[in-house]
Structure formats: C-alpha cells, structure tokens
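Listed after this line are the structures, all set down as structure tokens.
One chain, chain A, appears in both complexes that follow, with chain B as partner in the first and chain C in the second.
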Partner chain A sequence: MLRQLLVADFLKIKRKGFWLLTFLGPLGVVALQMVNYGLRKDYLLQQSDNDWEYYLSNVHSFTPLALILGIAIFTSIIANIENETNAWKQLVSLPVSKMSVYLSKFTALASLLLVSSILLMVFTLLFGVFLDLGEEIPYVELFQYSFYPYFAALPILSLQLWIAIVSKNQGIPITTGVLGVVFAYSAYYLPDWMIWKWPSLMNAWGEPVVNALLGVGLGCVLYLVGMFDFVRRDVK
Partner chain B sequence: MEYVIKTEGLTKKFGKETAVDRLDMKIRKGEIYGFLGPNGAGKSTTIRMLLGLMKPDSGMVRVFNKDLKKERIHILKRVGSLVENPSYYPHLTAYENLEALRKILRVSEARIHEVLEIVRLSDVAHKKVKGFSLGMKQRLGIAVSMLHQPELLILDEPTNGLDPSGIIEIRNLIQRLPEEYGMTILISSHLLSEIDQIATTVGVISKGKMIFQDSIHAMRKHSRQTIILKVNDGKRAEHILQGKGIYANYQDSMLLLSKLSDQKVAEIVRMLVQNGLAIYRVEEKQSSLEDIFLQMTREEA
Partner chain C sequence: MRYILQSEWYKLRKSKIIFIIFTSPLVGLFLGLTTQLVNEMEGNEWYLSLFTMNVTYALLFLPLITGVLASIICRYEHQEGGWKQLLALPVTRGKVFVAKYVLLMFLVLFMQLLYFVAIYLVGWINGFTDPFPMDIVWKSILGGWVATFPLVALQLWMSILFKSFAAPFTVNVIFTLPTILAVNSEKFGPYYPWAQPFAMMNVGGNVGDVFFIPWEQLLTVVGGSFLLFFIGGYMYFQRKPV
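For the complex of A and B:
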C-alpha cells in the first residue's frame, strides 16, 4: 500500500519545483565555497594544516541553514497540495489507512532530502578535487559532513510536517519554519537541547555522531506523535 | 432485508452542538437514495461518518453488512465518493489527477479513458484542472468516484454551484448508473427539485434528525389536494357554504376547499349558482413535493 501511495505522491509533486530544489540546495551550499575559494583561496589555504578538513568545515557552515530552509519549504508545499482544495477528504476516503497516507508524505520528503545529501557529498568532493587540496581525501569526514546533518535534522522534518499537515492556517508552519531558519543561523548560541542546533553537529561532547543518533531517535518519536495526531483527527 | 448502508443511532457532536442526532439510515441495493435537508442539517457530517472521515460519538455504521469501524479499508474498496466541493490537484492535468488515484486504487490505465469518456472530459484530459470550469471540476470529481467501479456511490451535493444544463447533465448521468453498472447511489442535496426526478427513496434530515425516510411515492402521498373557487362575491359564498356545513376558507379573493369528491364539488357549484353568484374558475391544486419538503423541515424547526 505504501508503495502505491508513494508513487502517487511523487506524481502529485510534479511541477512544484521539488526536484529543482533538491538539486539547487546542495549546489548552492557548495557554490558559496566556490565564491569563497575563488576570491581568497591562498588566504584560506594558509588558515590550517589540513586543507581538506578546513574546506569541509567551510562547506558545512551553510549546510544546516540550507537543510532547515529546505524542510520548511518542502513540508509547506506538500501539505498545501492537499490543503488547497481539501483533497484530504478524497485521499482519506480511498481504501488506504491514514497511517500510510502520513508515512508516504514523510517518506517522500525524507527521500528527497536524502538525495540532496548525496548530491551534497558529490558536489563537495568534485569541487574539493578541483581545488587540489591534497592526495589524501578524507572520505570518512566527507561522509559525516554530508549525512550527519541530514539525520540530525529529522526531528525538524517530523515537527514541520506535522504542523504543516494539521494546520488549517498555513501561516503557522511558515512562522515555525522561519523561526527554525533563524535558530539555525544562531546555532552557536543555542543550548544543546534545541533541535535546530543539531544539524550544526555542535555539542558539548564534541562528538558529531551524538547529534545524528539523537536526530534519528527524536525524529522517530516526533514522527509517531504527528502521525497519531493525524489519524485521530476528523477530516473536515 | 439486506441493506447496503445501515446506520443505528448515529450521533456526532461538535462541542455542545449535536450535528447528527441518533440517525437511522437504511439504503437498499440498487436504490437511488435522495438525502435531503436544509443547509447545515447534518447531511455532510453524516456522509463524512459513512466514509470514515469523521468518527461518530456514538452509534454505528454498517456498509455491505460490515462494521465500518473494523473493516473500513475493505469497505472503501467498493465505495466511490464525492464529498461537497470537488477536490483536485490544480497543477496537474485531468489525466494526471486520475492517474495519481489510479496508482492507489490499482485499476487499469484503460479505466481512466473510460471514466473520462463517461463524464465527457476526454477532450480536455491533458489540460490542467486549474483552468476548468466548476462544472468540469465537478464532473472530474464524479470520474474520480467511479474510477474503481464501486458498487456504492456516495455523492454529496454533486450539483452544487452548477448551471441548469450542468445539473441536468449530472442528473442524467446518475440516473443511468444503477441500471448500467448495478450501483447503489446515495445523493444528498438541499433542493428536492434536483433529485425528485431520479431518487427512488428519500430521507429527510432536519437539525440532525431523520424526520422522514420512505419511497418517493410515499412522500407524494403526503401531498394534499385543494379545490380553489374564484367567484364574484367570496364573502357571501363563504357564508352560504358554512350555512350548509361545508368548511370553506376565503383568502386572497379565492375560496379554498379541502379535498372533496367530484359529486360534492358539483353540488357546491350548483348551490352557489342558484344563489346568484358568478363562478369564474374551479381549480384543483396539488401541493408539490417541494411544498411537502418545506413543510416537513419547517415543522421540525
């Protein structure tokens, strides 16, 4: 049942710019470093002994922002597709469970964001090689910087999707989305428990993997809360 | 008797207000069931509960003799619906709209062409629904509801907002379905005139309560006939008749008499003529279904 719903959901997001955003997000993050390194490469190379590591952390400084902004936009559009003509009543009166309807929306967005993360890794690697930062490519760190923010951002995806789907007034998810981006921008000053800080991979222990694991854990919890709330509600 | 839809004591409350109050609905196979009531009487809420979109506060719904609460998905495989304003994805074409639902319903691609043909939208199949007229969107909604060849079709106000020709078109389409496809149809409306020509059974709801449920013929029997006499001096005529013990009511220069036998009418006319009154007109008036409907819903209110 989930597979059919997913196929339908991917058909519904046609012409809404989802794939373009999926591509543009990671490209933009790397493009900022193209400008950065294009303008002052010599200066930047002087800043550290490990050019690759330094380059990766530069790329990563914009990843959380792009990710959280992307989540806000994606969740808002995908909910709006059903909200626009209250297509929920049509969708839910099909022989499908409400749980799988919700799971399908989440899976579609999680997949798109995962594709974005893969593209981020590819773009980062390509430009890194182009910059000629050294023979020793740190694949482990490259993987971490590309995917840990994704896992760490899952609670934000669960929360934003829930808010966007159950809100009659789309001003609410847009407000929380904008707040999220502001939080992401000031991640350095936020306490560790704020989920908007997690994609920055900063924490008191200096272990990025903690954020990724916490993200998956809390992401699942918030997903379940959102799904059961959706199932419980009457469709107007 | 086997019912396609059977509800018992169906109740739904929104806060303190009771939208649907202990409603018992019975629909037999092959019927076109007209579900009537003024706006806000609880029609849409009832229909939403029949489809499992809303959970009743109490009472139960059985569709195809199965409990909706327990076998919702199984039941909905055999039910098509159009609830209130049509839902569609405006950025997709008519074909893509149906395709998105076809994937979920797992029917053949050929069926899309079939239903588009039935509602006569084949020509605009590859145009975006955004640019459709309301009538076309409504027809697309009906196409969607028939996509998986349901045995039960639930249409909530399918002619709402349509022009007269659109209403006739949809009415003709609906009328064909039970015979051609063996469907049972539940169709709601706030206007009796929209469905009195096609419905076989009617249920009238007012303030959440079912106040009448029977065949359309039974409803017609409720209609009362009146004899109307137009004479030159109504006051005097009324007086003469009352002297003979015949109850007449004089209003708006008309003399109204309740249903009488032909002989009695002849007698009255003769009597009035003999008393020197001029009779201009003798008419029989049958109150229309619309009148009965209005009377029913007014009495409840």
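For the complex of A and C:
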C-alpha cells in the first residue's frame, strides 16, 4: 500500500518544481562558495592552514539555512497540492489508512532531501577538486558535512510537515520556516536543545554525530506526534 | 481608492496577519536577549545590542517576512475565483494593485515600529543606563522600511503571479540568501537590492546623511529596483488572465 501511495505522491509532485529545487538547493549552496572563492580566493586560502577543512566549513555555513528554507518550501507545496483542490477528502476516502497517507508524504520529502544531500556532497567535492585545495581530500568530513545536517534537520522536517498539513493558511508554515532560519542563523547563541541549532552541527560536546543521532531520534518522535494528530483530525 | 483600501483592510482583519506581524518584535526580543556579545565596544551600550539585533533582522527576517505578507494579501483572491469577483467590481486593476501595495507598506511600517518597541524593551530588560540613541534608531527603523520598497513590489508581483505561497517564497529565498555573502563585498553589496535593508539598518554607517547609505545609492539601487519591480508587477497585473 505504501509503495503505491508513494508512487502516487511522486506523480502528484511532478512538474511542481520539486526536482528542480532538489537540484537547485545544493547547487546554490556550492555556487555561493564559487562566487566567494572566485572573488577572493587568495584571501580565503590565507585564512587557514587546512584549505579543505576551511572550504568545507564555508560551504557548511549555508547548508543549514538552505535546508531549513527548503524544508519549509517542500512541506508547504506538498500540503498545498491537496489543499488547493480539497483533495484530502478524496485521498482519505480511498482504501488507505490515514497513517500511510502521512507516512508516504513524509517519505517522499525525506527522500528528496536525501537526494539533495547526495548532490551537495558531489558538488562540494567537484568544486573543491576544481579549486585544487590539496592532495588529501578529507572524505570523512565531506561525508559528515553533507549528511549530518540532513539527519539533524529531520525534526524540523517532521514539525514543518505537521504544521503545513494542519494549516489551511499556508502563511503559517512559511512564517515558522522564516523563524526557523532566523534561529539557524543565530545557532551559535542558541541552547543545545533548540532543534534549529542542530543542522549547524554545533554542540557542547564538539561531536557532530550527536546532532545527527538526536535528529533521527527526535525526528521520529515529532513525526509520530504529527501523524497521530493528523489521524485524529477531521478531514474537511 | 479609499474604498479599495478599506475593503483590503476588511479582508486582512480576518486573516492571520496579526500573528505574523507580531513575530517581528518577538524576533527582535529573541535576537536582543540571546545574541549577547561581550561588550568590548567603547561608548553607548545600546549600539552593540542594536548592531547584533539588526544584522539578523535586516539580513534575513525582514526581506523574507515581507514576502510572506505579500502572499497573504493576495490569498483571498487566489481562492475560489476571488480575482474575478474583485475585478468585476467598478475598480481598475491599477488601483487594486496600488491599494494592495500601499497597505503592504503600511503593514511593514507597523512591523518596523513594533521592532522599535522590541529594541527599547531589550535595553530596558538589560538595564541600559546610557541615553537612548533616538536619532540612530529612527534612522535604521525608517531606513529599513524604505529599503523594503522594491522587495515588497517584487514579492507582490510574484504573489499575484503564483497561486501557492511556496513559489513566491522560493523566489524570495533565492535572492535573500546570497545577501549574507553580498554584504561582505564592498563591490557588490551596495548594488544588491536585497542587501539594502541591511545597509540601511546597519548602525555605524555614515551618520551625517539622512540614512546610513549615500543618497546616490538610495536613489539608484533602491529607487531603480523599486521602479523596475513596481512597474513590472503593475504591467503584469494589467494583463493577467483571471
């Protein structure tokens, strides 16, 4: 059942710009560094002894912001597809459970974001090699900077999907997305428990993996909360 | 014209816009109370607070939230043939566009005033004793407002063009995120319309002028992009099939 729902969801999001955004997000993050390094490469290379590390952290300064805004956009569009034509009623009157309807939407978005994380890794690597930052490419850090923010952002995905699906007015989820990005930009000052800090991979222990694991954990919890709320709600 | 504005206002009152407007002082308070740097700057203690608050507020929050307001103001019309109903009334499309724009600019001004209150509250909570730098705060509040003129015009255009909230927001995000880099560049920062709210609110610019940016920059970059986006949106709306 879930497989068919997923097929249906991927059909629905066709020609809505999802794939374009999935591609554009990571490209944009790396493109900003292309501009940055294009304009002042010499200055940036002087900034640290480890050019790769510094380059990765530069790329990573935009990843959380792009992720959070991307999540706000994705969740709002996917909810709007059903809202726009009052299709929720039709959708849940099919012989499918409401839980799997919700799970399918979440899975579709989580896979798109995973694809964009993979693309982020590819683009980062390609431009890094192009910049000729040194022989030893830090693959482990590259992997961490590309995928940990994704896992750490899962609670935000769960939360935004929930808000987007239950709001009739899509201005609300977009506004929470804006607030999220303000928080993420101030990540340095935020306490560790704020989920908007997590994609920045900063924490008191200096272990980025903590954020990724916490993200998966709380992401599941918030997902369940959102799903049960959706199941209990009347569909109008 | 007055009646169009009035009807726009009635439509707004029942939307959730008030919550969205009140996020502005909340963000201000949040930024002012959490992002405390160690005060090593000489001089007025308000400056540091103002500086740290204004950076995030003007770089990200203000450009993004004005886009949301623009989408909300077109929401009723996009639902169930609202454009048809509105334009079937004895109103011209031009007037509807101008009315929506004027109302939006008033909302943004109101938001800026609430942010002003937030600045004051931050100082009060922190127990600042230095004199309140009234002229500088006003300069940045009103400057930030003026800098959103072109941004709001573009977002109104995009909101009329697209039915969904997400599409105009995406356009907004694509232009707003690069601002973070653009303001670092002395070459590009002054010419990038989305960097102007930051330039206008950034305390410590040229204090001699009316605003923190020179008049030439204000007129060419803000004024020029305003004309481009406003006329673009206006022309588009004249031709929009409803």
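Assume the second predicted complex is superposed on the first by the 236 of 236 C-alpha atoms of A that agree within 3 Å, B and C clash if a C-alpha of one lies under 4 Å from a C-alpha of the other, contacts with A are read in each partner's own complex, and residues count from 1 in each chain.
Note that a residue touches a chain if its C-beta (ideal position, glycine included) is under 8 Å from a C-beta of that chain, and two chains touch if they have at least 3 such contacts.
This structure is a prediction, so every number in the text was calculated from the model and none was measured.
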Quiz prompt | Fit or clash - chain C, chain B, common chain A | solution = fit
Exercise. State whether A:124 touches chain B only (first), chain C only (second), both chains, or neither.
Key: neither
Practice problem: Scan A:76 for contacts with chain B and chain C and give back first, second, both or neither. | Solution: second
Quiz item: Regarding the shared-chain residue A:235, is it in contact with chain B (first), chain C (second), both, or neither?
Solution: first
Quiz item: Of the partners chain B and chain C, which touch A:116 in the superposed model: first, second, both, neither?
Solution: neither
Quiz prompt | Touch count on chain A, higher of chain B and chain C | solution = C
Quiz item: Which partner does A:178 reach: the first (chain B), the second (chain C), both, or neither?
Solution: second
Quiz item: Is A:84 touching the first partner chain B, the second partner chain C, both, or neither of them?
Solution: both
Practice problem: Identify the partner contact of A:92: answer first if only chain B is touched, second if only chain C is, both if each is, neither if none is. | Solution: first
Exercise. After the superposition, pull out the minimum Cα separation from chain B to chain C in whole angstrom, please.
Key: 11
Exercise. Jot down the residues of chain A that show up as touching in both complexes, chain B in one and chain C in the other.
Key: 84
Quiz item: Taking the complex as given, what residues does chain A use to touch chain C?
Solution: 17, 21, 24, 28, 32, 35-36, 39, 62, 65-66, 69, 72-74, 76-77, 80, 84, 169-172, 174-175, 177-179, 181-183, 185-186, 189-190
Self-check item: Contacting residues of chain B [partner chain A, same complex]
Solution: 48, 51-55, 73-77, 79, 81, 83-92, 96, 99-101, 103-106, 144
Quiz item: Okay, in this complex, where on chain C does chain A touch?
Solution: 15-17, 19-20, 23, 27, 30-31, 34-36, 56, 59-61, 64-65, 68, 71-72, 75, 163-167, 169-170, 173-174, 177-178, 180-181, 185, 187
Quiz prompt | Footprint of chain B on chain A - complex, ascending | solution = 4-5, 7-8, 11-12, 14-16, 81, 84-97, 234-235
